[in-house]
Structure formats: structure tokens, C-alpha cells
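The structure's right below; bear with me while I get my questions together.
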Amino acid sequence: MKLRLGLPKGSLQEATFQLFRQAGFKITVGSRSYFPAVNDPELDILLMRAQEIPRYVNEGVLDAGISGLDWIRENNADVVEVADMVYSKSTSNPIRLVIAVAEDSDIKDVSDLNGKRVATELVNVTERYLRDHGVEAMVEYSWGATEVKVPHLVDAIADITETGSSLVANKLRIIATVLESSTKLHANRDAWEVPWKREKLESLSVLLQGALRARSRFGLKMNVPEDVLSTVLGILPAMKQPTISKLVECDWVAIEIILDEIQARNLIPALKSAGAQDIILYPLSMVIP
Amino acid sequence: MKLRLGLPKGSLQEATFQLFRQAGFKITVGSRSYFPAVNDPELDILLMRAQEIPRYVNEGVLDAGISGLDWIRENNADVVEVADMVYSKSTSNPIRLVIAVAEDSDIKDVSDLNGKRVATELVNVTERYLRDHGVEAMVEYSWGATEVKVPHLVDAIADITETGSSLVANKLRIIATVLESSTKLHANRDAWEVPWKREKLESLSVLLQGALRARSRFGLKMNVPEDVLSTVLGILPAMKQPTISKLVECDWVAIEIILDEIQARNLIPALKSAGAQDIILYPLSMVIP
Amino acid sequence: MKLRLGLPKGSLQEATFQLFRQAGFKITVGSRSYFPAVNDPELDILLMRAQEIPRYVNEGVLDAGISGLDWIRENNADVVEVADMVYSKSTSNPIRLVIAVAEDSDIKDVSDLNGKRVATELVNVTERYLRDHGVEAMVEYSWGATEVKVPHLVDAIADITETGSSLVANKLRIIATVLESSTKLHANRDAWEVPWKREKLESLSVLLQGALRARSRFGLKMNVPEDVLSTVLGILPAMKQPTISKLVECDWVAIEIILDEIQARNLIPALKSAGAQDIILYPLSMVIP
Amino acid sequence: MKLRLGLPKGSLQEATFQLFRQAGFKITVGSRSYFPAVNDPELDILLMRAQEIPRYVNEGVLDAGISGLDWIRENNADVVEVADMVYSKSTSNPIRLVIAVAEDSDIKDVSDLNGKRVATELVNVTERYLRDHGVEAMVEYSWGATEVKVPHLVDAIADITETGSSLVANKLRIIATVLESSTKLHANRDAWEVPWKREKLESLSVLLQGALRARSRFGLKMNVPEDVLSTVLGILPAMKQPTISKLVECDWVAIEIILDEIQARNLIPALKSAGAQDIILYPLSMVIP
Amino acid sequence: MKLRLGLPKGSLQEATFQLFRQAGFKITVGSRSYFPAVNDPELDILLMRAQEIPRYVNEGVLDAGISGLDWIRENNADVVEVADMVYSKSTSNPIRLVIAVAEDSDIKDVSDLNGKRVATELVNVTERYLRDHGVEAMVEYSWGATEVKVPHLVDAIADITETGSSLVANKLRIIATVLESSTKLHANRDAWEVPWKREKLESLSVLLQGALRARSRFGLKMNVPEDVLSTVLGILPAMKQPTISKLVECDWVAIEIILDEIQARNLIPALKSAGAQDIILYPLSMVIP
Amino acid sequence: MKLRLGLPKGSLQEATFQLFRQAGFKITVGSRSYFPAVNDPELDILLMRAQEIPRYVNEGVLDAGISGLDWIRENNADVVEVADMVYSKSTSNPIRLVIAVAEDSDIKDVSDLNGKRVATELVNVTERYLRDHGVEAMVEYSWGATEVKVPHLVDAIADITETGSSLVANKLRIIATVLESSTKLHANRDAWEVPWKREKLESLSVLLQGALRARSRFGLKMNVPEDVLSTVLGILPAMKQPTISKLVECDWVAIEIILDEIQARNLIPALKSAGAQDIILYPLSMVIP
């Protein structure tokens, strides 16, 4: 009983392995580099290009995989989206597939693309989008360096961007957003109907999302004199009950709470002012609410 | 009072430093790169090739060292094996010194090696093994690339392998296992009889093994309503008493337990189903039972 | 309301980002590599050469920055030293700006430098020091490789050293210490008078120093039978009250304490001998006393 | 008047630049890395993926380009093949697109591929070949690592190979050769009809092929006494008239000849034996017969 | 009798060594990396930062050096410019020190810089230029990344540029050219008056410039029937007499000529048409007219 | 009929390939990296560690190889030294195996080594040398970093050195030279008796040494008016007859000569002064006297 799971090779590989590692799965890539070992006898991991994973999940060659929504759509893959997994972005902007033209181009919106040539790595998604907008354009597959093709080789491109800065640097102007994308744990529809596979995938999803949640949180402990306990509790964020335990040695309580790293910045000075002592923060591996 | 400790330079170096770091020893390699600094005034660390450490431990130039059992045997080093330290393997297979021949060789077992030529980095161990099996063969030292020497340069090799995949890739067939090896903290026999040295080594052993143990474990905390406490306790692995503390604020208890990362996978969904809340897992530095 | 903060680019950059990361600030360097993103809307980070940060803090172009005392002095920057931040040293020796000459030079002390040529990256600091000692020498700016300039190009150098080993390797002899330096979080005097800026800087200082403090400490938990509690408490370092909580299940207590990594080495065997069980150590992110 | 020429970016780029350099064209890639500078005002060079060059040559976006015959076919590019340019191979084997299956597969020849799945980077070429052989198979685009896809993901692959060794290493068996390929200087049909463009391309072709020819040849000079001249001439390869010039100083002649590097090995000892003196060989930049 | 020669360390080092290598000087950098060995007992080479070489040449610590005119001026070095050596540029544009401001800045020309702040690596040159133009500005030394300092840290920069593309990428606009620079072999004035030093420097200059000249030239040889000799000679560039030698074997002559690589492109097809045969081009090491 | 030739893998590999390339042999290392391809059907090349080549030549597994004299001696290899090949040194110092001790050691000469411990990579050579000098010492194999072993691990080392600078840097003092070494083309004694093998080896030797000789020489051509011919000839080095050919066009002769690169430095200005024109120097591939 093994779940066949496709993980992305290349730029996402190390980040993916680290996320799994944090959730307790040790993946090691040995001499047969596309079939890594993992310390879970129920998992059979294949490394492959992110672009191809949804295709093989769709066809049932894989039970599940991790790849972007963009490639799920490009492959016309009819799969179950088990979980959204945001672990490879550098900003809080969404990842988007946008259509861009030269800054000084006459093309102002999508309708101006009629009869034009568009280069993209996501031919199917782009063609469908243009067709839906009543535009007939020549969409051609680009093997890379898509952003420098305008205006010498093509009139427009459809390219993935997070900050838009690479588009700006190449003097391109965005005229439309084709798709917002994100990384998905996704499963084959038949595999999803097999109870132990679904259970395994749901467990994986809980652990991986627990690991992601832990990345922006700290555990916090502090000792608080009983007479200022209510003050301290008033300061703490309302969302969660803190764990309070009475200490043996007198009129102090120990308080534990899980804190978002952003909250920590303002809270810690406030707690100290209120009389808390011995404040420590410790890193977390998983947080499951 | 300084314990002279030999640590392996090269491929194991970074992994060794990380293990020590996890156990609270910061080792920094400065400009005199074979004599790193360490934040423990009782340790004097020398970096050297793993192959040479047992020799110098045996001769008392070092009080203790970390190296493989294979090199302890190759150096005929009569040392005290203080602790087994498995921190550099990528699978759960043992590390073995095996004798291998070409896939299509006529040599079927060790007895067929009479009069043959065998290349190996471990000449003494291999010669002793062959002699013990009544075989007379020419065993020659190999400076590397041992696996490609069959069949052009030698008839067989004795080589270290963990997964065997490199042997397979070179179309070699294993005919015998000479030795199972693992990394050892080992000490000079005289040094071991000096009380403060033995104490220091035992303390080191406790800390390093505590660090290794921690690598596959999580700390887990959760809040549980008292009325489902017994259910939850029934789910937890029997091996260890959980730490249960009553919370101030009513009918809840906080439970803490140390968990193997493999157990965590099945346990966490089960705990959630049973009514546990606010489950967090946190990483550990050392676990000492 | 944004605090403009200058962080050092280059060799210190990664260490600085890791320290901020540990304190809950995620800094990502995107395509505009001198203006990294950070998950704190109140911070505006600029990466620049450590040498220039104090100048721009002094002039108010930056509100605050992180750089060495040596460069604060070299820039004649009249700034507020908010906190000392020792996170980039490899030994416990102070970082010093020293004057060194060839091992076999006739120059014995500073007064012998009259009329000599001195190369240094810190021209202002060196000139001021020599003037204060009544010495007239030609101090020239060195773009690097300062240590090999003696004796062919100059008579002496003023160079930064931590262990002195590079000076020894170049057969140089130290004749004077101009300055002891360390890394400083420092602020512009006007910015410091703005309440929200000072508050933000003090909060930053608490978090970053909490992070530094955590680096040499562990959290420790253990279970102790009540009848040996006083023995165990007697072993623990006196400096801090441990957190003791009574366990539900009988005559045991759970003890938590924060421990220096150096203390841990001797304490752990002692605690085990005294009857403590299930000792675990876990890493800390911040420790705020 | 500029000829727009597409050169391959990536693994072939450096070899291409060296070939041009040898023929007297200095190409430098500056900050706009897809538009290198060249010391020929009649050339406008664009760097792009080899896969895309024939497409843009076909469409007239480029006047000419350098790419493989495989990609010319894959793009269905109807272009003029100006010259064959063999400068990137490591053996004398042809570069072939082959269909390969697992060593132990039941598939013996192309006809067995009916209903099977085939992965390839050259979908059009492969589909056309299979159709011509009356085979209906699912041909899917592979983003890379094609060789490891058999048998887990597909039944067969169509992949480029020169030595076949990578196929052997992946335990694959070749069942058919789809195409023999080589690197081509190729031109757009309309551009070819423009006289100055054709002339420029023919000149380029002469120079580049002259440079390639020079790579396996030496210039040889020697002094020979007149009385052994006929013996020496008898030894020289018949194909080319040597340049013989009478020396001022007596009964000696100087002989110059262009020699293949392979011939040189046997010829040089023979010439020496026959009485030639002062033999020197010098490298060539271009050889134009 | 040794001439002390300073060569630039860093980005120019490899190009400098190659130029010397081409002229017959083998420079090897051993373990004392600032004092390379050279196969000329009359040379004593010191590697140092290009910025510092003119200073030490000026002061007589070095007899001569290779550095840019910009750094000669910055150091106010009163030296003899022995030869211009253009070996490190990627285009035919001059290298210029320019003053640049933000694209959208109000600063239109140099006179607008009054009271502004200018960052540069060439403080002296820039200050002198501004003073000469009657401008008072604060010129500050920049340790690097000068181009990103506008507009956040300074109002303008004075920076070295060859193509201007980096300025454009940083959205800067050039308002003035302070200096055109190039690489110079330059000598100390006193050293130049010592006959053997001047002779050595002139010889060096001849060889290095001969090597530079050879880089854009080919040697060409061809065989020509006597009856078309005048036609062929008519095609050859007028600048140089070709070397014509009558061949022994009949009515052919051998012609040799040195050709600029740019001329070669058009000449070779023309020569072939005119009846020349066996055209070969060979690389040159030095060309001395 | 293939000659099996062992070439050194590792640090010498690239230099060896370049030397062969210069002599007309193209060696390419493909996927089976120890068995490179070569464009000579009579050669079968094996790459292996330099240390092992003489052993396999001695035993006849290889017909010939390239390795150092030190390793020939260490392997007690009774081989034919076909040619000395100096292509991997950075200075003109000989490569020596020396015995060195700590600068401040009491050991003054070899006789003081009685009863001491000596580390070396060349155990056999060192033991033989010590035995020949009547010294009994413990000689142990060192896997590397030999120079830092004194004085902590051993009393002396026997190590290879060219400049001695690494010994100085490690504060070692040379007390004896065991061996002067150089790189040798060497052959198996039986192979040497086979005529075609000897012929092939002698041919290889001629070509490779011709290539080495060419590295420090230039071809020189110039045009000289007849009336200064004798002056010019008087300047040329006596060792070789120049090739003089009368030019068609009047009273000029063309002179060709092969020149050592060191001679070129002084000769070129002298030739110009004497009236020579159009002096060109060109690189050589092989020079066979």
C-alpha cells in the first residue's frame, strides 16, 4: 500500500523537502535521483518537472502531486485540490499569469490582441483565455526568456509574475490577468475515492499545513505574578485561550500561548511592562488548531 | 585538563559540526584550519582524515575520536568503543564493506578469489578476511575510483556501500560482506582509565546521543477537556507517561509528550478526532530518557 | 510611519538576515536587491556597505542602522548607540583595530611612526589616534590586501583583527591597539527624539538581543519524583527560579528551566543521577529576562 | 543593412562564440544579455533557445540562424540549409533521435507502439514518424529527464543521443532511429533571395567552415636539402601541392604544407628520417581550399 | 637590475596575464599571491588594486604600472604615460566617468549641482571637475553600488560607464562627462630617466602593443597563378606590401600578407574568385609594423 | 592494435589533455568518465590516479603511462622512462620529496630521525631512503594534510614541494632531499620490446615533446632590405639557420626564424633598429629540431 506522490524537481525541490522535513518526513535523494528515499513506507515519491505533475496525476500514473494551479490548468487536469500550500513565495502578492506588452505598445487591452502573436509557457491556458474574450491570436510556446521577446519576436507575452519587477525591468506593461495561481497538493479523482489513499492524503495535508502555519508563529512562555494575571490576560490576543498553570512555589502562574510572529513585536514589551518575567519564545514545527 | 578529540575532516565535517552544535558545542574553523576553536575549555579538537583518527587514538596521540568501525579495524586500533553514532547515513541500510566482482565474472564466492587481484581502500581488513577464509589473493591499495577498476585492472574490489546502487551502476555483483560498519565515538584505552577523561567522554556521549535521538522526535502539547482525557490517553503510545497538568481555567488539562516523528503521522488526526485542541509540535535539541 | 533602517550588504548580510529571521522578521531580497522586502510595514530596509551606514545615519538619511563601532568612528558619526549586537564573531576575542609592522622592523612603538607611511581602511580613526599620540605620519587609504603591504609599500598598517592569525601569517607584529570595536544598532539623534521611532528601535533592540541571548541557551524540561525535588533544585543553577508544576498523576512534578548551553554539559548527568527522568532540551528563539 | 542572425543560448553558446571568434567575429554579451555586441556592423545577433530559432527563421523574424536539424523539423520550418556545421560533438557518431524502450520491454519494433504512450521533446517529429509507419500512439511533450520516464510514466521515449551511453545507463533499448541530426546554418527563404543577404550568408558560411576545417589541421614548415627533396615529396600526402621555395643560402629548400592532425602523427617521424630539419607545426585559424 | 611593475589584481588580472602570456611573459601566481613569479629576471611584479597602482608609481615605490587614466588622475599622479593599452573593453565606446542623476530629476546640467550631494569612487577627480565648473557640491566617497544611491541617498553620482546600460537600468540620466579614460602603462618620472629602465619599458611597450595589435589580425597565405597575380594584388588592401615568393614548381607564386580580421570577411571570397587557392589564415602573437 | 595508456585523473588531467590537444590528439571525457575517447584508433586511454599508473604499467595492465618519478619509485615500478615531460610546474625549481621538521625541532639532520615517527604519502621511498642512511624510524602513510601533522602527530614528514612556501607557512624546516622528481612518460618493459608499441611510443614522445618545446617559442617573420641583411643576420641567435627567401618585388628578402620567447624580448627592438619591417610573431604547435 503505497501512495505515489509527485514532487517538483528543480527550483522548488529544496523548499519542498524542507517543508516535508519540518513535518517529520525525511526525504533523501540518492544515486537514482528521480526516486528519492523517504522515511514513510506508505509513500512512493517521484521527482519530476512541476509542469508534468498534474498531467500524470490526471492520468492516474501518480496518486497525487504538488504543483501550481497554472500547470494544473495548462494540462487540463481534472484533479482534486486537496490543499493550498503557500511555501515558495517571497512576498504577499499573489502569483499571477499576466499578459504584458511593450510599455509604448498600441495594445491597450485584450481585445487589441486580435491577429497578434503571443509567446508563453502556458499555451493552453492563454489560448482558452483569449478565446473566452473573443480574441483570435497566435499563441506560441516559449522555451524561456519570454520577457525579452517583446517587441522583437512577439507582440505580447503571457508570463508568471509575483512582484512584476521583472516585467518593469524589461519595459513591459501588464494589460490583463489570466489566472491567479498557487501551489496545490492535488490528487487523482479515482485515488481520492480509495479510503486509505484519501485518509493518507488528508493526514499529509494536516501535517504539511501544520508545518506551514508554524513558520510564522512562536511558542511563548512566561511567569506572571497572580496579582497582575488579569492585566496580562487583557493584553493577550483574544483569539486563543492561553494555557495557565499554577506554579508550586507561591503566587505565580506560568502562561503559555502560541503567537503570530507579527503580534510578538508589540506584545513582548507590553508583557514586560505589565510584570511578566522570564519570557521565552521557542520555534514550532507544526501548529494544528 | 583538555581532552584531545579527533574529528573527521571532509565530507563528514559539516554533519559532525552540526551534531555538536545541536548538543551545545560551537565549533568554528578559523585560519588554522586543522585546529578549530570550540566553546568548551575542556576540549582540544583536531580535524583530520577519518582514516587516520583511529591510528592516533590507538597510539594515544588523541584521547578519543570519531570515525568508522571500518577504519578502526583497518588501523588495527585497540580502542574503547564509547558510543555508536548514526548521523551520516541516508537510508536505514547498514554500511557494509563488500567484495564485488563483475556481473558476468566466473567468480561466484570468496573461495574463487584465490590468486586473484583485489583493489580496496581497506587493505588490512580485506587481507585478514581473505586469510580467515583460506584465500590467497593479491590485495592492493586503491587511491579511489575503486568501482571502475573491475575488470580492466583487477578481478574484484572490496568497497564500502550503503545502498549498493553505485555497484549496480558499475555492473558489479556482491559476493561477500566483509564487515558491517558504523560511526563510533572511540577512546584510547589509557585515556579511558583516567577518571575525568572517562567522565568527560561519557558526558559527551550522553549529549551527542541525546542530540541524535532528538532528530527523529517532536515535543507535542495539546489541551484536552477532562471528560475525554482517558480516551486521549488511550490513544497515546504506551511507552512513556505523558506530563499532564491541570489548567487553571476549568475542566481542561494540558498534556505534553515526546513523540517519534513516525508516530506523529497517525496520532495527530486521531487526537484531533478525540477532542484534543491547540495541538502544537516543537523541535527538540536533545532527548535523554 | 516607516523607520528607515540600514543593514550591511556583503559578508554580514546573511548573518544579519538570520538574526532578524530568528526574531520574527522575514527579509527577502528580490529583484531590486538593495531594497529588500520585510514582513513589518513599519520598517523600510536599505542594504548598503557597512562602511557607509553610519554616515547616512549621522546625516539623517537613515533613521538607524547596524554597523561596526570602527565605521561609526571613521565617519565621525555622532549617533545614539542603541544596542551592542555580537552576532558575527568566531571567537570570544574582541575585534580590534591594531597598528602592525613587520616582525623584524625597527619600529617598536607608536612614537617610532613619525614620518612613516601607514596604510589602512580607516584613515580618519588612524590619523586621530596618531595625532593624539603626537605622531606625524602619512596615513593612506588602502583598498584591500592591507596586510601584504608591509614592508614593500608602507612601513605600518592599521587593520582590523579578531584572532591576529592573519597578521602572524604575514609576519607582522602588533605595536598598538587603536580601537576595540563591535557591531552596534545605532540611531540618528533626531530620529531618537521622535517617540514612535525610539519605541520601535527599543522594541527591535529587545527582540534582536532576545534572539542573540537565545542562541547560547536551551529550554530544559524534566519529570522529577517529589521526594527528590529538593535534591534536584539544589543542583540547578541559582540564578533563576525554575517553573515547577505538579502533575496530575501522582507524586511527580514537572520542572522547566532555561539553561546556558555551557551549564547543560555538567548538569544533565547530575540531574539524571539525582533521579530526574525524561529530560528534554529544546531550542529557543528569544529569551527576554 | 543588417542581417538578423539567431544564435543558440545555453550549452552551445560558448562553443558558438568561440567558433565565430576563430573566424574573426568578436561577440560580447553585455548587460542586455539577449542582444550581444559583435564587431561586424552588418550583423544583428539575437541569442535564443536553439529550439525556437528555426521557428523565427521560418517566419522571417530572423534572416538566419544556427540550430539543429531536429528543431528545424520539429518547427516544420521551411528554410534554406546554408551549411552543415559540426562543432559541438564529442565523438564521430551521428546525433540521432531514437525511440527507446525498457531493456526488458515486450516492445520489439515501431509497430508494437500502437496505443502506447511516448514522451519526447520533439513531439511533431515523433508523431510524423509514427504516422508514416502506420502507428497510432500518444506522444506527449517532455520537459526533461525523459530517459527516466520509462517504464514508470511512459512506454517509450524519443530522445536525442550521440553515444547511446545515457540510454544504456538507464537500461533502455533503441528500437528505431527517427532522424539523424546535425547543426545547420539555415536561412529564411525570402532573405535568401535578397542578394546582399545571400552574399553575406555565403561569406559567413565560408569563414565558419574554414574555421571548422582549421581545427583538425596544422601548418607545417621544414627545411629540406635539395638532394632528398624528391624522397620527402614522395612521403607527403598526395592530395595537395606543397609550397616549395628555394632558400638563398645554398642547396636547401623550404617546404610548407597543410596537414591533417591525424596524418601528422606518422608523417613527422618519416620526414625526420628522410632528412628534413627544423620541422615546425603551427595552428591555423581558417583553411579555405 | 629589476623593474618593479604593478599589475592590477581582481577583474583585470586574468586579462592582463593573458596579454603578457601572448607577448611571451609567463606569470604564475603561487602561494604568496601578491608577488607572482614571471619568466623574466628583469621584472619584479606586484599585484595590487588598480586604484592604488598610480599612487605607488607616483611615489616611486613602483617603477611602472598598469591602471586606468581615471585612477592616475584620482591619485594626482604625475607619471609618464608610456602606452595606451586597450585590452579590457567589450565595445568600441570610450570608458567615461560621467555624472548622472535620476531620470526625472530637476537637475539638468552641472551648474544645477550646487549644494547637492554627489557619491563617487573618484572623489578627487569629481571635486576638481565641479570646482572647475564653479560648482560647490558635497562629494562623498562611495564604497560601491553607487548607481542605486540616487535618489534615496544622494542627488547625483559620478560613475564609470562604457555602454551606459547599467545607468539606464537604474533609471539614471547622464548630465556630464568628467573624463574619458583608458588603461595606461605608466612610469615613475625618475625611473623613466634611468636608461635601462626606460629601455625595458619601451621594449615592454613594443611587445604588449604588438600583442594587442595581433588580436585583430590574421596571417594569410595563398597560392596564386602568375597570370592572375596582378588581379589578386589589386584586390589586396593597399596599406602593406605583400610578401611574394616564387614557387619552385612552375608558374605559381606564394603570397603572404597580414590582414585585419574585419577586412578578411570581404577579401576571402574575392581572392577565391580571382583564382587564389589554398588560402589559409593563421593566428598571430605579435605584430610590429 | 591498441596501445593502452594511463593518464592522470584529477589536478593534472586538464593540463595533460591540453598538451595532447596541442599535439593533435583530441581527448573527450564522456559519460564513462574513466575511459575517454580519443581521435587516434591506436590509443586506448584510461584515466586513473597518478599514484596508481606506474603500478599498472609495471604489471603490464597498461602499456605505458604518464606519472611522476616519485610514484614510479614508490610503486617499485621497473619501467622504461621514455621521456621527461615538464608541463605542470609553476616555477623553474625542481619538484622534490623532502624531509621536514618543525622550525624549532632538535632534529638537525637525517640521523636524528632514529626512533621518530615520519608521516608521508610515499612510504616506500621514504623507508628506503632512511634505511640507506642507517636510520630506523616509524614511517606512516598520510592521507593528506601532511604538513600540519608536525609536531602534534608526528616528528617529521616527507612531502613533495616545488617552492617550499607551504612548508615555510607551516613553520617547517627542510633537513633532507629524498628525491628529485618530474613527470615521466614511461612504458612497460615487455611492451617496449614490441616493435609497433615502441614505435608508437617514440612517435608520441616526439609529438608531445615537440608540443612542450613549442610553448616557449615563437615563429618570427620579417622583411629585410638586402643591404642590411648581414647586419640583421648578425643579430640573430647563432643556434639556428634562418630561412631566407628572396622576394619577387625587388631588393628585399623575407626571413623566418624560430625564436625562444625570452630571446624575443631583446631581439625585436634590435631588429627594428637594424631596418627589419613587418615583424610578426606567431604561435607554434610543435617544434621538432
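A, B, C, D, E and F are the chain letters, set down in written order, and residue numbers restart from 1 in every chain.
Please note the rule applied: a contact is a pair of C-beta atoms (placed from the backbone, for glycine too) under 8 Å apart; a residue touches a chain by one contact, two chains touch by 3 or more.
Please read all numbers here as calculations on a predicted model, not as lab measurements.
Undergrad: Starting at chain B, what is the smallest number of hops through touching chains needed to reach chain D?
TA: Minimum number of steps from chain B to chain D: 2.
Undergrad: Hey, which chain ends up farthest from chain F, C-alpha centres compared?
TA: The chain lying farthest from chain F is A.
Undergrad: Examine where the copies chain E and chain F touch and state whether the two sides share over half of their residue numbers (same) or under half (different).
TA: different
Undergrad: Hey, which one of D-F, B-F or A-D is the same interface as B-C, over half the contact pairs lining up?
TA: D-F
Undergrad: With a Cα-based fit, what is the angle in degrees between chain A and its identical partner chain F, given to the nearest 5?
TA: Nearest-5 rotation angle for the superposition: 180 degrees.
Undergrad: Using CA atom averages as chain centres, what separation in Å is found between chain C and chain E?
TA: Taking the mean C-alpha position of each chain, the two centres sit 44 Å apart.
Undergrad: Using the average of all C-alpha atoms in each chain as its centre, how far is it in Å between chain C and chain F?
TA: 51
Undergrad: Which integer distance in Å separates the CA centroid of chain A from that of chain C?
TA: Roughly 35 Å, centre to centre.
Undergrad: For chain C, which residues are shared contacts with two or more other chains?
TA: Residues 169, 245-246, 282-283 of chain C each touch two or more of the other chains.
Undergrad: With chains as vertices joined when they touch, what's the shape: line, ring, star, complete or other?
TA: Shape of the chain contacts: other, as it matches none of the listed patterns.
Undergrad: Using the touch rule from the top of the page, what pairs of chains touch, sorted by label?
TA: A-B, A-C, A-D, B-C, B-F, C-E, D-E, D-F, E-F
Undergrad: Once bound in the complex, which stretches of chain A touch chain C?
TA: The contact residues of chain A facing chain C are 90-92, 163, 165-166, 169, 218, 221, 223, 245-249, 254, 261-262, 264-266, 268-269, 272, 277-283.
Undergrad: Help me check something: in the complex, which residues belonging to chain D touch chain A?
TA: Chain D reaches chain A through residues 9, 34, 46, 48-49, 51-52, 55-56, 61, 140, 142-145, 148, 152-153.
Undergrad: Which chain A residues qualify as touching chain B in the complex?
TA: 24-25, 28, 30-32, 37, 39-40, 202-203, 206-207, 210, 214, 219, 240-241, 243-246, 253, 256, 258, 282-289
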